[in-house]
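Next come two complexes, and both contain chain A; in the first it sits with chain B, in the second with chain C.
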Partner chain A sequence: MQVQVKLFAFFREGRFIKEDKELPTGTTAGQVVDDLNIDREEVGVLMLNSRHCKFETVLQEGDIYAIFPVIGGG
Partner chain B sequence: MADKIFRVNMTNLSTSIEDVPAEWAGHGGRGLTSTIVAAEVPPTCHPLGPNNKLIFAPGLLSGTVAANSGRLSAGAKSPLTGTIKESNSGGTSAQRLAKIGCKALIIEGQPENDSWYSLLLTPDGVTITTEEELIGKGNFAVVETVEKRFSDKIGVLSIGQSGEMQMTAANISVKDPDSHVRSLGRGGLGAVMGSKKIKFIALDAGGGKVEIADMDAFRAANKTFAKALVTHPVSQALATYGSNVLVNIINEAGGLPTKNFTTGQFEGHEQISGETMHDLIVERGGKPKHGCHTGCVIQCSQIYNDLKGNYLTSGFEYESIWAMGADCTIDNLDKIAEMDHIMDDIGIDSIETAVAFGVAMEGGILKFGDADEMIRIMKEDIAKGTALGRVIGNGAASVGRTYGVIRVPVVKNQAIPAYDPRAIKGIGITYATSTQGADHTMGYTIATEILGVGGSADPLSKEGQVELSRNLQIATAAIDSTGMCLFIAFAALDDGACLPALIDMINARYGVALTADDVTNLGMSILKTEHEFNLAAGFTNLDDRLPEFFELEPVAPHNAVWDFTGEEIDTFWDF
Partner chain C sequence: MVVDTKVILSFLSKHAQGKCIGLVELQKAAGTFDCPLRDIETIALSHSILPARFQRNGLSCSDQLKLFRSKVAIIGCGGLGGRTAELLARTGVGHLILTDPDVFSESNLNRQIFCTTETLGCNKVDIVGRELQKINPVLQTDLHVSPLNTLSINGADIVIDALDSATARKKLSALCRKHSIPMIHGAVKKWCGQVGIEQSANGLIDTLYHQTTENTLPPHVLPVTASLVASLQATEACKLILETGSPLRDGWLQCDLLYSDYERIKTGIC
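What follows is the complex of A and B.
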């Protein structure tokens, strides 16, 4: 299945901003994080199609998946 | 040196130094400005008339070495909202005032002639001087000239042309350590200073120092506190990308108000994002991290240079960038930085003014995305006070009324900032119930709803949002009294050592024994004091509502509407 993965802030360093990835059916949000060599501890927010999701969430064909480190502002 | 109240009467040009009344002694910052406004300003007075008072107060810890304690509060009845107002800012003035021994500066009355004045505060008192040279000048010229007249160590509070003309979006500028300016931004306090005919206030602390009751305990607590701040990952991201790191995440969440609040995502988000800003700053030899006051360990500010490597702006914040960017659909960060600089110079709130431009674009006065026309209007109309300049300079609601626009994003006349309340519902409760009109900083539910700091809450659900906003508004009122930057809250929400260390510092500074409950009670009592002032000024629960269009127009991508009932909103005050 195809999923668009987007990275933000320092997660982009040495990786990418946005990439369409071919993933096996049943891939979870957490597995994509692991495959990118991102430490789960550094992850602040995961969003699937503009809604928050968890490491355990199973991705679906056509999803847009965004991975953010711990950030803040205001 | 013991803290005193410095009082200036602009009607008869007299000054006095008074002992601190016992009931004001435990207050600082916002708690003190709001307590004084509630005690001395008639709630029904005209905000620009002789009965309003302009109060400046450093926080309880300002002037000490406590990390991030350099916030200054200013308070009055707001000419924009008609409510009580407290606005706070970094810069060097809070520390200067505290070292002068000034717990609060109260400016009252109004000159009966057309003369302009300046004030000079030293530990010995206040001098009032007639001012001519700087009238009509912008803030950067004021700071430069005042430094030449006194020294580059001098603290400066000043107003630009918009404050002189008493526009209700006018702010008060605060000199920062690099002789640039920060802003007491919201609610039109620059117009109040203009109504008192004061162009600038110079602050000369001489060799003044604040007294610490127990220095050893103070130092130990500060060490713990500073460590909690610097090790929190949010602090580290703020130092790299500034608060503008939020553009992309709020856009991704579908809560980035775009094209005058007609949709929740902006096509040009990447071009105006914190990530892009960081790269441009580094490329052009600017500084990605920079502190707005000595002692800041978070360093969320930055120096943003133009293409030629010359200084363009600093303190380039997410909400300002959002307002000029997504809300006016401008995707050019250099144009946005140029506008930020112009607004700093003429002394006008970059949130209120840019949201007013968004409404003006909808009203057909200029086209969405036309940055050059925005810049022209700022320079030719707002700075010079033409009729159009005054309509925009009086804020978003003023533009909506004048040009017949219905979609006007304000609460109590104050522009709603950078987070759409239909897609991020908790912040809508803060906008509706804040004692000061729409203001994200009053109870920053975004931390929990979007950023996952201090727990989590579903931004599209109403559940738990009133309680979340209430708890944060109470905590914020207390933090705003300490002189602490609100960005300590991220560490405070996550690190159990942070808040106790903050309380230990207050106890060591004053030789008192406050507990966490005392601090919560302080926050509650400040909110109630402010709310009572507003009720006495004629506001009711029916003013605690969002504009109707939020209920009628679903916002993409979630197609969410604002669906809180009035009764649900009103439970906010059940404490």
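What follows is the complex of A and C.
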């Protein structure tokens, strides 16, 4: 299945801004985070088709999946 | 001395140039009538006489009066808080509450507007308060050299979250919800920042920091990022005061200066 993955802020460094990915059926949001070598502790918000989702959420064909880091400085 | 407002107004009108009046004339009126400078400013603004220091804002006297009568609490006086305070003082917000327990250290020099080689080791709140008086002598400030506490937001119309810890942000968010005060959130890291408004229990902070554990090391923050996010926070504060409405009331703005990418995200449904 094809899913569009969007990365935000410093998650883009050395990776990409937006990419269409071919993923096996049943892939979860968390597995994509792991495959991108992103530490789950650094993840702030996950959004699937503009709605919040969890690491356990199973992705579907045609989904748009966005990963935001925690930004905490002041 | 009790003086009729009409007498003071007559003095102000006489000393105004067109519809504007200088700070020296306002201070002269305060001295002549033994009246607090803030009261003189209120009389001027209420009668369409604009203090010259706000002339270039291009706002109406009634908008300037709304700003002057508003009270904004700034929690954290570092990279975000110091700059936001400066911008609000220059725009004409009349009353600021400043809270921060820290002193300026050398690593603050890259981004904190009131941190200079001369202020190292000084309490941030004391220095920011002092410098703001030089910018806007009519500004009232309440200074708290302490961590966040209930006094930090006492009577505030708006709260600025300029903190640097998720735990403190959650505490501030809970306090603001309890007192029904809108909170303007800002945060920065490297080239990236975010700004949003938490109000009416929209759950912004819980959304952004739901699973956060604290970083042991302070994050890297570029001065350009801090300056941009602070400007956006000050902007949103002014818009709330002036009741212009804002698309950020139900989400946040994600800023990526490295890729020149700015995206507004709606707080979605879990």
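Following the convention adopted for this analysis, the second predicted complex is superposed on the first by the 71 of 74 C-alpha atoms of A that agree within 3 Å, B and C clash if a C-alpha of one lies under 4 Å from a C-alpha of the other, contacts with A are read in each partner's own complex, and residues count from 1 in each chain.
One rule holds in what follows: a contact is a pair of C-beta atoms (placed from the backbone, for glycine too) under 8 Å apart; a residue touches a chain by one contact, two chains touch by 3 or more.
Keep in mind that this is a model prediction, so the values were computed, not measured.
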item	value
Which of chain B and chain C A:45 touches, first, second, both or neither	both
Partner chain(s) touched by A:74 [first = chain B, second = chain C, both, neither]	both
Partner chain in contact with A:9 - chain B first, chain C second, else both or neither	both
Intersection of chain A interface sets (partners chain B, chain C)	8-10, 12, 17, 44-45, 47, 50-52, 68-74
In the complex, chain A residues that touch chain C	8-10, 12, 17, 41, 43-45, 47, 50-52, 68-74
Interfacial residue positions of chain B with respect to chain A in the complex	233-234, 237-238, 240-246, 248-249, 252-254, 270, 274-275, 300, 318-319, 440-441, 444, 446-447, 450-453, 456, 458, 460, 486-487, 490, 557-558
Residue numbers on chain C that touch chain A, as the complex places them	76, 78-81, 161-166, 169, 186-194, 207-209, 211-213, 215, 218-221, 226, 254, 256, 258-259, 261, 263, 265-266, 268-270
For the chain A and chain B complex, residues of the former touching the latter	6, 8-10, 12, 17, 42, 44-45, 47, 50-52, 66, 68-74
